[in-house]
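Attaching a single structure in structure tokens format; questions to follow.
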Amino acid sequence: MRKCEMGDGLFEFEIECLQIAEHATPGQFVQVRPAESGNPLLRRPFSIAGVDGKNLLLLIKQVGQGTSLICRKECGEHLDVIGPLGQGFPVPCEDKKYLLVAGGYGIAPFIFFTARHRHAQGEILYGAKTKNEIKFFAGHFSDMTSSGWNVSCITEEKIDGKSGLVTDLLEKDLCIRSEYEAVYACGPVGMLRKVAQIAKNYNLPCLVSMESRMGCGFGVCLSCAVPIKTVGTPVYRLACCDGPVFRSEEINWEKL
Amino acid sequence: MRKCEMGDGLFEFEIECLQIAEHATPGQFVQVRPAESGNPLLRRPFSIAGVDGKNLLLLIKQVGQGTSLICRKECGEHLDVIGPLGQGFPVPCEDKKYLLVAGGYGIAPFIFFTARHRHAQGEILYGAKTKNEIKFFAGHFSDMTSSGWNVSCITEEKIDGKSGLVTDLLEKDLCIRSEYEAVYACGPVGMLRKVAQIAKNYNLPCLVSMESRMGCGFGVCLSCAVPIKTVGTPVYRLACCDGPVFRSEEINWEKL
Amino acid sequence: MTKEFAPDLSVKLGRLHLKNPVSVCSGTFGYGEEFSDFYNPSELGALVTKSVTLEERAGNPPPRIVETPSGILNSIGIQNVGVKRFLEEKVPFLQTLKTVRIVSVAGSTQEEYVEVVKMLEGTKGIDAVEINISCPNVKEGGMSFGVSAGSAAALTAAVRRATAMPLIVKLSPNVTDIVEIARAVVDAGAEILSLVNTFRAIAIDIKTRKPALGAVTGGLSGPAIKPLALFHIFQIALKMDVPVIGMGGIMTGDDALEFVFAGAHAVAVGTANFIDPFTPLRIIEHLKEYCRLNNVLKFTSLIGEAKKQIG
Amino acid sequence: MTKEFAPDLSVKLGRLHLKNPVSVCSGTFGYGEEFSDFYNPSELGALVTKSVTLEERAGNPPPRIVETPSGILNSIGIQNVGVKRFLEEKVPFLQTLKTVRIVSVAGSTQEEYVEVVKMLEGTKGIDAVEINISCPNVKEGGMSFGVSAGSAAALTAAVRRATAMPLIVKLSPNVTDIVEIARAVVDAGAEILSLVNTFRAIAIDIKTRKPALGAVTGGLSGPAIKPLALFHIFQIALKMDVPVIGMGGIMTGDDALEFVFAGAHAVAVGTANFIDPFTPLRIIEHLKEYCRLNNVLKFTSLIGEAKKQIG
């Protein structure tokens, strides 16, 4: 394993695992074990941010005990990883345009997506809290651009007097353009909810990658339930194996 | 904190703690916290092996989860230590001779004892499992010798065809010499039991440093009970505050 | 004796013959198929399915899982496909396995348990049923069947009449006196006991100041409960003579040995499956190795050693 | 409101007034004096002594303590100096303290409890008694007073008649229905409840294959039991209106807040005292800071928030 700190508690990990690298598709994730000793017990899910030969790329943001333990591991240490897990984003059609919307580390699956699908093209809208975050991803953004994807960023922190949310960008973009086949989104649930609403307003199909607490990651513990729109008794689908990517209109946003 | 690996899972730690270094006496111990996260929960007791200005010397042998975590700490890291705790060995009389018997890391309090009491003199008998262990302590042994203490070693592993237990040395020594004021011993309970027996046979006062599982180290949890010889209902004394050094004839060896 | 002798790990639990004493806990192994990406479940001594109810159940609202020190708290709410779909969709895979296949059954009323068991009766690929008596009892006002000797016995007796299959009853540890319940269900026809189910527990989310689980109350599992589970198993071993499948926080081979010494005839791995899906296989290997190193020819001679030693 | 306002941490538990809601658990703080090397116990909201019995007790044979995942298992056996020496040797120190001083009382028979309480009655330096009903009841054949509503109530009533002091009853969590016991002791005259005591548990030493504790069975404490303790406290908060001192695995200020939101009026620190003797003071600071950051003027407004929120 190799890691590199990008700053503000954000780390890039490169993990050698041919088995996973060979089979991974964008939108899928892996389960990483934070501690041998058992505190915390459970693995932590992270989107696959890319593959490079037999290596796997992950972007990990330190937010609690598990991610702190993972980020404290030393280069060269072994990382216990299970994957690839879940259903990723569908393969884009070559002649269609896509709108990818990401918030924070939600950019991870789209780094993989744009690297894998160089033939496709479209727009990437990225929202961050701080301008630092945008700097961290500068390299990835220029890779995306050279793969034919156009990147627009916005931050909650003011840059040159401008600030805002990625959903503001989305509204603006859809106001002037209408050639998209679909919107794909990954980020915090509040953002996803808003993206789903906006896409619906513009009558665009929308896929969202949902976060959920996961006990196992491979469909046996049934803890990663995502509420689904139904009439009558509630229905849940599993983020780890039915998702994490769902059609936004499937999801019962009110129960989240 | 600084540490140095002597080999075979044995480490020497130097910890800056003026407060403890100032007040420590040989035979006392400190309680070291192995993990912030709480697995294992309890502190681990270690004899004070010396003080050097504001520094504290510990010898720590890796035997389980707690000692492994402590020994894995990096130089410069902070070590959470409480002490000095317990009752140490009494100050020796200047014109008397003492016989110190140690097994394994049980040498620790005697390194401190002989450094502190340069005026006293006598014999040190040291028993080890392997010849490596003797090498590790070579420096300490030569310090002891120059403080006027005579050191004899024996190992369970054959060296030049000879091998044996430290209690064999003790028998032999007491056979030929009888000028000792007392025997002081520190090591595994099996060794202490035998030393106590031999000292009794030679009518010598004997002090032993007892190991016990410790919940707190400062007399409140009552978990470090050492059975005391009585008639009728059992009586216990606390290794952490009544001991760890006890008169051997006080102890109910059968209940250990 | 050579180092390479093969110890006999097999164990008899009533009418069930397990080739090794390692099973998996209901609700932590899906319906078996989910693990076939990792290994062939036929390597297990036995397996227990997720609890099956008469009707399909959607389960509880999320969050359904919270971590606590050395434990996890869950409130899945017996989400399952229902016995009909279970028979159609899940049993065919079980039929391909060469291990003891145990179906866990749950319900809100005695009638529901009986009906499910009747539907399972005679199905190829099912070797035994395990009755999960920790479900809330709708008729008795939400307390579970498993916390009163009377309702536990009545339920066991009713199921006993409904099936000729080997009958396992899974006990709840949330009781004052586990032996009282254990005696009642054995008298009512249980052939094997399995314990423990999870412990009632809650966690509070400091940020919202609310219970952290969507369903408020959950069940605690994992290493945190191991010493509690061992206590209950030891009580039964001291006072009764019934085969016991022990579970609760087993992560390693040494944990499994603790259960065996305490009196468990077999062990089941639960929460550990989520963390390292290969845990049951590692434990089988560890037990084999332990027997070899200690010249134990038959695993069964280790059962209840702690009891023997305190007389 | 300025950032520097001083929140009111005081809390009333029946007739007891605590200047802050942080106490320490019986058996984890000696008789108070042992901690004066670390800090002045007067800083605590209250303190509870080691349980005192009529006669001096030697305690159980070692080993008396074993570590388990996120927990410790103890079988001290109420080693204590007996009430006579307690009054002579320990009370003088208590008299110097400016905090609520609670004496924990234990016994093997109802008569023993009553006699100890009578001897404490009217002593300067004692503000309340806490009845530890988790001791084995010799007359009822070794089960503890605390696991049956009848014996718990009878004991409480007998002690109630023997003293005019504020009466706290400390509940055992090893019961099917904590609310049943809680109601019984409150009806019998308990003014305050404290819970939980330790959970019955064992550990097996793999090397000897025997129970790891000298006394075989012990009590589990520490972070492992926190979600279980919270469950019991929440049950009482939902169904009763009685002041509760909450304990079980509290290590941090956030842990303490969980107990408060679940319904505890005050909290007590136990096992954590062994690991970091300053834990209670850190928790007091944390609560103060939490109130400041959240503009909480009176700590008491936080009690039972989790209940309010689920309605």
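Letters A, B, C and D name the chains as they come in the text, with residue numbers starting at 1 for each one.
Here is the rule we go by: contacts are C-beta pairs under 8 Å (C-beta built on N, C-alpha and C of every residue); 3 or more make two chains touch, one makes a residue touch a chain.
Because the structure is predicted, anything quoted here is derived from the model rather than measured.
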Walk from chain B over to chain D along touching chains and report the minimum step count. 1
Centre-to-centre on C-alpha atoms, which chain is most distant from chain C? B
Distance between chain centroids, defined by C-alpha means - chain C, chain D (Å): 34
Whole-Å distance, chain A centre to chain B centre, using C-alpha means? 56
Per the C-alpha centroid definition, the whole-Å distance linking chain A and chain D comes out as 47
Which chain D residues reach two or more other chains? 69-71, 222-223
Multi-partner residues of chain A (at least 2 other chains): 38-39
Looking at the complex, which residues from chain D come into contact with chain C? 68-71, 73, 147-148, 174-177, 199-204, 206, 208-211, 216-217, 220, 222-228, 230-231, 234, 249, 254, 257-258, 261-262, 302, 305-306, 309-310
Would you pull the chain A residues touching chain C in the complex into a rising list? 33, 38-43, 82, 212-227, 233-236, 255
Which residues, counting only chain B, touch chain A once they are in their complex? 37-39, 65
Quick one: which bits of chain C touch chain A in the complex? Just the residue numbers, please. 27-30, 34-35, 37, 50, 58-67, 69-72, 74, 76, 79, 222-223, 251, 271, 273-277
